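Here is the structure we will look at, set down as structure tokens.
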Amino acid sequence: MTLSDIAFWLFSAGAVWTAWRVFRTDSMVRASFALMLSFFCVAAILLLLSAPYLGIATIFMMAVEMMVMALFMVMFMMNPAGLNPMMMVHQHKVSIGAGVAAFAGLGAAALLTDLPHHAVAAGKPVIRDLGTELLGGSMLIFETAGITLLATMVATVVLSSRSGRFGAADEGSRPPGLEPGGKPAGRAPERDSDHSHHAEHGG
Amino acid sequence: MTLTAILLVAAALIGIGLYGALSQQSFVMLMMGLELILNGVLLIAVGFWSLGLGGPPRGQLLAIVVMAVMAIEMAVGFALVTAVYRKRQADTTEGLETMKH
Amino acid sequence: MTALIAVLLLLAAGVWFGATVDAVAEAAVAGRPVRTALAAPFRRTALMLSRQAIETEHPDTLNHLLAPACYLVLAAAGLSVVPFAPGVAVTDIATGLVLWGACEALVVVVVFLNGWSANAPLPLIGGYRYVAIGLPAMLISMFVLIGTALPAQSLGVSAVVESQRVLINAVRQPLGLPLFLLLGLSITLRGPFNYGDSADLVGGTQAEVAGVQRLLWRGAKLAMLTAFSAMAATVFLGGYLGPVLPGPAWLVLKTALVMLMLVAITHLVARVPPARMLTWLWTVLLPLSFVDLVWAGLEAMR
Amino acid sequence: MALLGQLASPSSWPTSWPQRAPFLGGGDQTVHAWQRYHVRYYSMTLLFIAFEMEMMFMYPWAVVFVAEGMKAMVEMGMFLAILSVGIVYGWREGIFRWQ
Amino acid sequence: MAMTALARMAARAPVPVFVATGQGWLASCRNLAASVDVAVVTNIREAAILIVAGEPRDEDRDALRRLHDQMPHPRATAWWGARPFAEAGSAIEVSATDDPGPLLRSAFAALLARVRESEPDWLPDDPPNPWQGEGDHGQGGKGMMGGTPYGRPMAMTADDLRDGLALDSFTFTIGPFYPSLPPGLALELTLQGDVIQSARVVRPPLDPGEDAAGACRSMTVGRMLRLLELDALARRCEAVPVEDRDAVNGLKRWIGASCAMRAIPKGLGRLAGDDARARFTRMVAALGDAEASSIAGPGGRLVDLLPGLEWNEALLVINSFSHRDLVALAPREMEQEEDSEGSAEQREGHGI
């Protein structure tokens, strides 16, 4: 049992325990950050697996993602702070069964399969390798990821934002003018003066 | 720290994630389950890369792609939740009573 | 081991120095006697220690305690990547810049938790508001830091220092340091980037705490100020590099210089409303950080 | 020492209910502050997590930048240009303001 | 031993005081701002001594009780030109014309040395609502959202003015002692997130009188600077002697150099052709003048300006008016139905 073995089992226990806490806590903020801790434990394991870049990058990516997760959890869950205890589950037994089955199946596969053994050599410049790969062989993957992310960005904006071509969110939707810069067609805007300044914030 | 041990831990994470994804009623909690599953996948990918295959650069790229999938899943998922929440409210004529439950 | 002791010493000295400079600058701007400001940090500390720590109505107690503690730990973790002399750093890893970035990201989480856990309206608003500004500010700083990694051809902080033997990054990448300082203001909740603990929320995330807890949060902020200043001094001002004096002395001097700059900005520059700052961050400062990156790239290829 | 002492024995004064009430300059609230908080920048955060992914690619890129030279510059330039389109689009849709 | 050394050290800090503004607020605040013995703090949680500056209005007495009880121990109250409440016990009394500095100092030292008893609460030690032992789990609530867990009910959803997401709305009263609002002004605000949905004036600002315009202006500019996160400059402004031309001009240069004017968005809080930035610019320019400068017949209501604004912007708008103008803009409102109608109308106007 080396030091790194002990660390590995500690972090594994941490990852699994915090993952379990995610579904057992009433406070949505705590749930989000429990998930974050689970990711951090996995990140620590990645560091042990001689992936220095991936490990630390996981920490910062997940810190940000779980922060956003917490914002949305609080926004859309009733009783977000868990002031009253709650249990919002359905098909509970089936889910437990599925979870256990998945664990058993994957675990059995891991135990029974003859796994390859070829550890990464110590001192291998893994970050540099990754960079070269990105710019060379996997350039297409890299640029495709860019396009995919762009599509995601556009999709999220379209789906989540209320504003559109016809004015800012805080002005309510308004039909375009009949002539450029003219009065909106249909109905007159209400209480225009109160909110006009928000349009001027962007700049 | 063998590859088998790592796969076992990843299986546990995936199992818990699957339980969450199937059992949670609310959409946002369901997404937490999905994230957990991807967490396990990430561990498997890096485990294989590091202990099984001797560190080919593409293995790391795969891990990054898993993370990108996570980010995209989350972004689009939450955008959908927002859109649905807004829409449902607009559809509900009686107003807030139905929203509370 | 030496490095660990150096980190703790520098943190302690930085907290004291930051508190004193802050008090002196405040007194100078406010037109009050500067002499008494020199002793003010000790007196205020004693005062906060001798007062009651208040609990709010059903706070998230665990997170309420964890937030200031984690903030302090993050400051220490951030400082741990800074080399005091060639090869003398607590975590002298090849991904020091990424680790620092992770610390930046976690500061957002910690400040949010501090605001959330009190279960009171003003801290809550402060915490949420901070997230809006803290996230994009972090993004900008990461671009800037990547800019400094280009000539070093490494993500290790020591390599970044060594790449500045000829010319420091503050000169070579003139946009870098100013943009990075904005992040410093943001993660230490100061002046024009103080969106978490702001005065319109009577202290924002710390509006409801008193006594020891207030002291802890304040101390953690100053520790973060120290860590950030040391990082900025290392990445942009050449860290331990310098003639005549020994390396650590140069690092301390440069850290103090950055701290002075930050404190001066804190008391002299006004803050804009959060909505406007959010727009600026994405439409002005982010493109500027792109420019910085291109500049750094062209310069590194030369 | 004093700090530890204070932390160990929180205080000789327990917090009373009127003391717990949130500070609103003499004002009062009826409900808990914890609520479905209406975040005003949610679209920005979603765009942010998509955009932030690019950091994962940039760090390894920075390491090999000098070695790869112009090729690295052009490829990353293209990548960032693609993502910038998303930011410009979001800006035009007004998501960097308070919704 | 260690404790007394600590107390002695603490007692040499400036006395942290919170000023509860009564009728005599203006002179008191100016006096305290210039004093080296005390540090006026903006949060009751930092204060050790609550100063009641002048007789409080009858209707503010409950707010004053709430405020007092929020102060951490050890604490005391100084009644400066005001009659102590019956429950106040051993109060520090200062006559309106005296300088309270030395008295505050000695009381502060006595408090820290535990010679002087810390004041007990003035309100009964009860939660806002009974909760202990109620509900399914004894936490005071039933079901997901019901009951009063830990003493208060949970917020409920309501329509939103701006983006059509019906999330929780949070209603509370703020003031009359809120440091970022003009003294005496108390508002009932409904927020969603940090955006104001509706506002109602609960108490109008205290009227400082015609002849106090110069001193009053420096207090207003001070508040404004604090909103712009320039606390040190705000202190200088609040303490500046109005008749000292050099000091005032120096202050104006500081303010100009800090970009304070440009930090206020253009077009914010437009009323009678002026926005907040223009009003603030004019107010800074008029620092040091004794006479009042009023916008010609504002003829609007403060509460109409606020809905739709973010918290910081709303406070900037409120404090951009001179105190006298605010007295006119924010008259006392009765508990009336008109407001709910008003917000319903807004909802229609901003609906989908």
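The chains carry the letters A, B, C, D and E, assigned in the order they are written, with residues numbered from 1 in each.
FYI, contacts are C-beta pairs under 8 Å (C-beta built on N, C-alpha and C of every residue); 3 or more make two chains touch, one makes a residue touch a chain.
It should be emphasised that the depicted structure is a prediction, and the values quoted were computed from it without experimental measurement.
Both chain B and chain E are touched by A, D. Within the contact network of the assembly, the step distance from chain D to chain E comes to 1. The most distant chain from chain B, with centres taken as the mean of CA atoms, is E.
Chains A-B form the pair with the most C-beta pairs in contact. Closest to the protein's overall CA centre, chain by chain, comes D.
Distance from chain A peaks, on a Cα-centroid basis, for E. The distance from the centre of chain A to the centre of chain C, with each centre set as the mean of the Cα atoms, comes to 26 Å. Chain E has its Cα centroid 30 Å from the Cα centroid of chain C. Distance between chain centres (mean CA atoms), chain A to chain B: 8 Å. Mean C-alpha positions place chain C and chain D at a centre distance of 15 Å.
Each of the following residues of chain E touches two or more other chains: 3, 6, 43, 45, 70, 72-73, 127-128, 145, 149-152, 154, 156-157, 162-165, 167, 170, 172, 178-179, 193-194, 265, 310, 352. For chain C, the set of residues touching two or more other chains reads 49, 52-54, 57-58, 95, 98, 101, 116, 119, 121, 128, 131, 135, 155, 202, 207-208, 211, 274-276, 279, 283. Counting partners per residue, chain A has 53, 57, 60-61, 64-65, 68, 71-72, 75-78, 81, 83, 127, 130, 132, 134, 145, 149, 152-153, 156-157, 160, 162, 169-170, 198, 201-202 as the residues that reach two or more other chains.
Per the contact rule defined earlier, chains pair up in contact as A-B, A-C, A-D, A-E, B-D, B-E, C-D, C-E, D-E. Contact residues of chain C toward chain D in the complex are 49, 52-58, 95, 97-98, 101, 116, 118-122, 124, 128, 131-132, 135-136, 139, 142-143, 146, 149-151, 153-155, 202, 207-208, 211-212, 215, 274-275, 278-279, 281-283, 286, 290, 294, 297-298, 300-301. By the touch criterion stated above, chain B contacts chain A in their complex at residues 1, 3-20, 22-29, 31-33, 35-36, 39, 42-43, 46-55, 57-58, 60-61, 63-65, 67-68, 70-72, 74-76, 78-83, 85-86, 100.
Contact residues on chain A toward chain D in their complex (touch as defined above): 53, 57, 60-61, 64-65, 68, 71-72, 74-78, 80-81, 83, 127-128, 130-132, 134-135, 139, 142-143, 145-147, 149-150, 152-154, 156-157, 160-164, 168-170, 198, 201-202.
Those residues of chain E whose C-beta lies close enough to touch chain C in the complex are 3, 6-7, 9-10, 12-14, 16, 36, 42-43, 45-46, 48, 70, 72-74, 112, 127-128, 149-152, 170, 172, 178-180, 191, 193-194, 225-233, 235-236, 239-240, 247, 254, 257-260, 262-265, 310-313, 315-316. Residues of chain C that touch chain A in their complex: 58, 60, 63, 93-95, 98-99, 101-102, 104-106, 108-109, 112-113, 116, 119, 128, 131, 135, 138, 155, 275-276, 279, 283.
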